[in-house]
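Got some structures for you, see below.
Look at the two complexes coming up: subunit A is in both, with subunit B in one and subunit C in the other.
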Partner chain A sequence: MTHAQARIDPDLPEFLWGSDSVEDAPRSASLRPTKTRPGHTPGEAGLWIFILGDMTLFAALLIVFLWERRSDPVAFAESSHQLIQPIGAANTLVLVVSSYLVVRAVFAHRGGRYPQARRLVGGAVSCAAIFAGLKAFEYYSEISAGHTPSSGTFFTFYFVLTGLHLLHVIVGTALLLAWQTMLTRQRPWTESQKVAEGIGSYWHMVDLLWVAIFALVYLVSAE
Partner chain B sequence: MTKRILTLCAWAGPATVVIALIGWLIAGVLPIPLGSESSVDNVVNFYSHDTRVIAGLVISTLGVCLVFPLIAVIGVHMVKMEGRTPILTFLQLITGAATGVCLLLPLLLMTTIAFRPDRSPELTVTLNDIAWLLFITPIAPFMIQNVAIGVAILNDKRQTLPRWVGYVNFWIAFSFIPDPLAFFFHSGPFAWRGIFIFWLALTTYSVFLIVMGLTLRKAIRESADPDLSAVAATLA
Partner chain C sequence: MNGALPRRVTMVFAGLIIATCITWWLGSESKLTGPALGMAATLTILIAFTKVYFIGRDFMELRCAPSGLRAAFNVWVGAVAVAAIALVVI
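Right after this comes the complex of A and B.
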């Protein structure tokens, strides 16, 4: 029995709770009666319609961007060199760090360590603020150098892609702040799992989208 | 009887798509609509086939108005979700009505252009610009409507509608964000005829009408008939 209790360690990610071997399956099912099948969808299934739909839209934008690049790779490379690559790289790093903080915050929330989870979510929010600040500076320096959305296909796509992404960052920050409020009120994990995991998944999507945008707009186009 | 009316209203969603698309095909708005880069001749030519264009546009005007019964039946279900303070329901009804009008007016304007096609070409082009930009760009009412529906569904403990429908609504709201770019570009994927403007909006709006219509129809079929339960209550 002690073995069965040791199987659920709220501090660990679920996939580290123990092997799902055949003879253990009924026991783990009785411990977690709500779960009838192995495997776990972060947040809830419906959320993934939104996330995958969102990523499909960004993918379509990036495909059209690459398609347009084929017709004029030289102009795309020239325009891409006008971007400030270190800022793009710094922003990638900032978002990856924020994603890590969100993962840690999910584990802290699951383990009931509310102050720690609050600090971690706060860290992720600060990362989002740094990202937005750097982005604003980048926009400012590009527009003052005369590169606006109407100066060529590359910059049209650059501003549309990063603008839509920035909008996602803003929405994500609002969601993170909502999560922080839940943590302040010490809402237990059982009541807030869907919301917290959903916000975490959304934030990872924001991170992933940025990695794709950075790779294609800043790096590939500059080739 | 009530149940039958509710079901009819739910079917009005998919019907909107079918009838509006048939109308646009007859009028020639589809398969390839006029774009902001179309020449003056193209625009004048389009409206010069007046009888066919007018007939098609009149059909699509009627089709688009079938969205109103759908908005009403969404409202009825949102009241069930929200209970005593149906604020999101009211928000959905107001913004839904506004969206309907925003779809209706440009179509009426296009019909009016075809009414006197021999006017000065400049005027025809200007009116056509107004019609298309009015059609594509006023997205805020619809986005607010989507978010209201989505929030109501996700906050609903009784699961009147499946939760994924709420998330679909958020995604549809997001897909409309690029539309105001139609003001900035005269050609390419972000002009009003571009794939991220007209085609994306057409696709996701159709998804909205069909998904809401079908999921509501299912919810209505699985619910108790309000007339019968009222009778049962009186008998008890």
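Right after this comes the complex of A and C.
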């Protein structure tokens, strides 16, 4: 297998192949050591278009949020101080734990350890429920204190960003439950690899988006 | 791709928990002023996007993914981190 062939994954759209094109394969192969591993795309290739697109949408919202912050950092800092930071931090830890449980569930499913994988996915679903519960309490506290989406630019962004993210958590939870059903039926890894890895990747995206939201909205804005 | 969980994944998990506690402490340190505040904000963003990078690399298993997909993810992480630091600090 040549170096260039190793970078081409037929499951992925062409623009996500390696940087070497087929045309310059001989030159690349002669200049660099041969790579024997073809590269494994976790889940369906099409899902990655969605994941990267979704991540870019959130990135655009966060960049606009930080841009708006520049025009009135004092008001943003005051508003950010109204958020319940310990809840944001607890939710970050809860999602990191859930992500770890999902990774372990993928490996357990790969190894054919269905009961263990089912318990691990169940743990991740419980984490999602804790996240949603804490978020609901946070929304209740903010709205009770008079902070609504119309209370200023900061709170508009806060509710849009966290609301969109919560929607992703709900969708991710439904996907985790679907995976758990597959595990209950003991569908072998060869038949469910793409779906299981896809659900796992989606859940990790939910986790990493929250890491960015917590850092920029709860922490940096308050400084 | 077998069913054995690599030790590295658990190490990354432990690192993510520790990094979350550090960023929270940095973000809640309200006594900071001037350049120290800017440094704390930069550090908070850097740690957060390092966490994002490791979630992608080891949890999403992008370390084994085709180079194009890996590069697309890494560019996203780098570009958003640089933009965030520029907008917050400069």
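Here are some notes:
Keep this in mind: the second predicted complex is superposed on the first by the 186 of 223 C-alpha atoms of A that agree within 3 Å, B and C clash if a C-alpha of one lies under 4 Å from a C-alpha of the other, contacts with A are read in each partner's own complex, and residues count from 1 in each chain.
Simple rule for what comes next: contacts are C-beta pairs under 8 Å (C-beta built on N, C-alpha and C of every residue); 3 or more make two chains touch, one makes a residue touch a chain.
No experiment lies behind these values; they were computed from the predicted model shown.
Touch criterion not met for A:S141: it reaches neither subunit B nor subunit C. Of the two partner chains, neither subunit B nor subunit C is touched by A:S151. In the superposition on chain A, A:D54 contacts subunit B only, with no contact to subunit C.
Partner contacting the larger number of subunit A residues, of subunit B and subunit C: C. When both complexes are overlaid on chain A, the residue A:V103 reaches subunit C alone and has no touch with subunit B. Of the two partner chains placed by the overlay, only subunit C lies in contact with A:H40; subunit B stays clear of it. In the superposition on chain A, A:G112 makes contact with subunit C only, not with subunit B.
Using the contact criterion defined above for the overlaid structures, shared-chain residue A:S126 touches neither subunit B nor subunit C, since it reaches no partner. In the superposition on chain A, A:A215 makes contact with subunit C only, not with subunit B.
No residue of subunit A contacts both subunit B in one complex and subunit C in the other. Those residues of subunit A whose C-beta lies close enough to touch subunit C in the complex are 7-9, 12, 15-19, 37-42, 48, 52, 55-56, 59, 62-63, 66-67, 69-70, 85, 89, 92-93, 96, 99-100, 102-104, 107-113, 197, 200-201, 204-205, 207-208, 211-212, 214-216, 218-220, 222-223. Contact residues on subunit B toward subunit A in their complex (touch as defined above): 162-168, 170-171, 174-175, 177-178, 181, 184-185, 188-190, 195-196, 200. Within the complex formed with subunit A, the residues of subunit C that make contact are 1-5, 9-10, 13, 16-17, 20-21, 23-24, 26-28, 30, 32, 37, 40-41, 44-45, 47-49, 51-52, 55-56, 58-62, 64-69, 71-73, 76, 79-80, 83-84, 87-88.
Residue ranges on subunit A touching subunit B, taken from their complex, read 44-47, 49-50, 53-54, 57, 60-61, 64, 149-150, 153, 156, 160, 164, 167.
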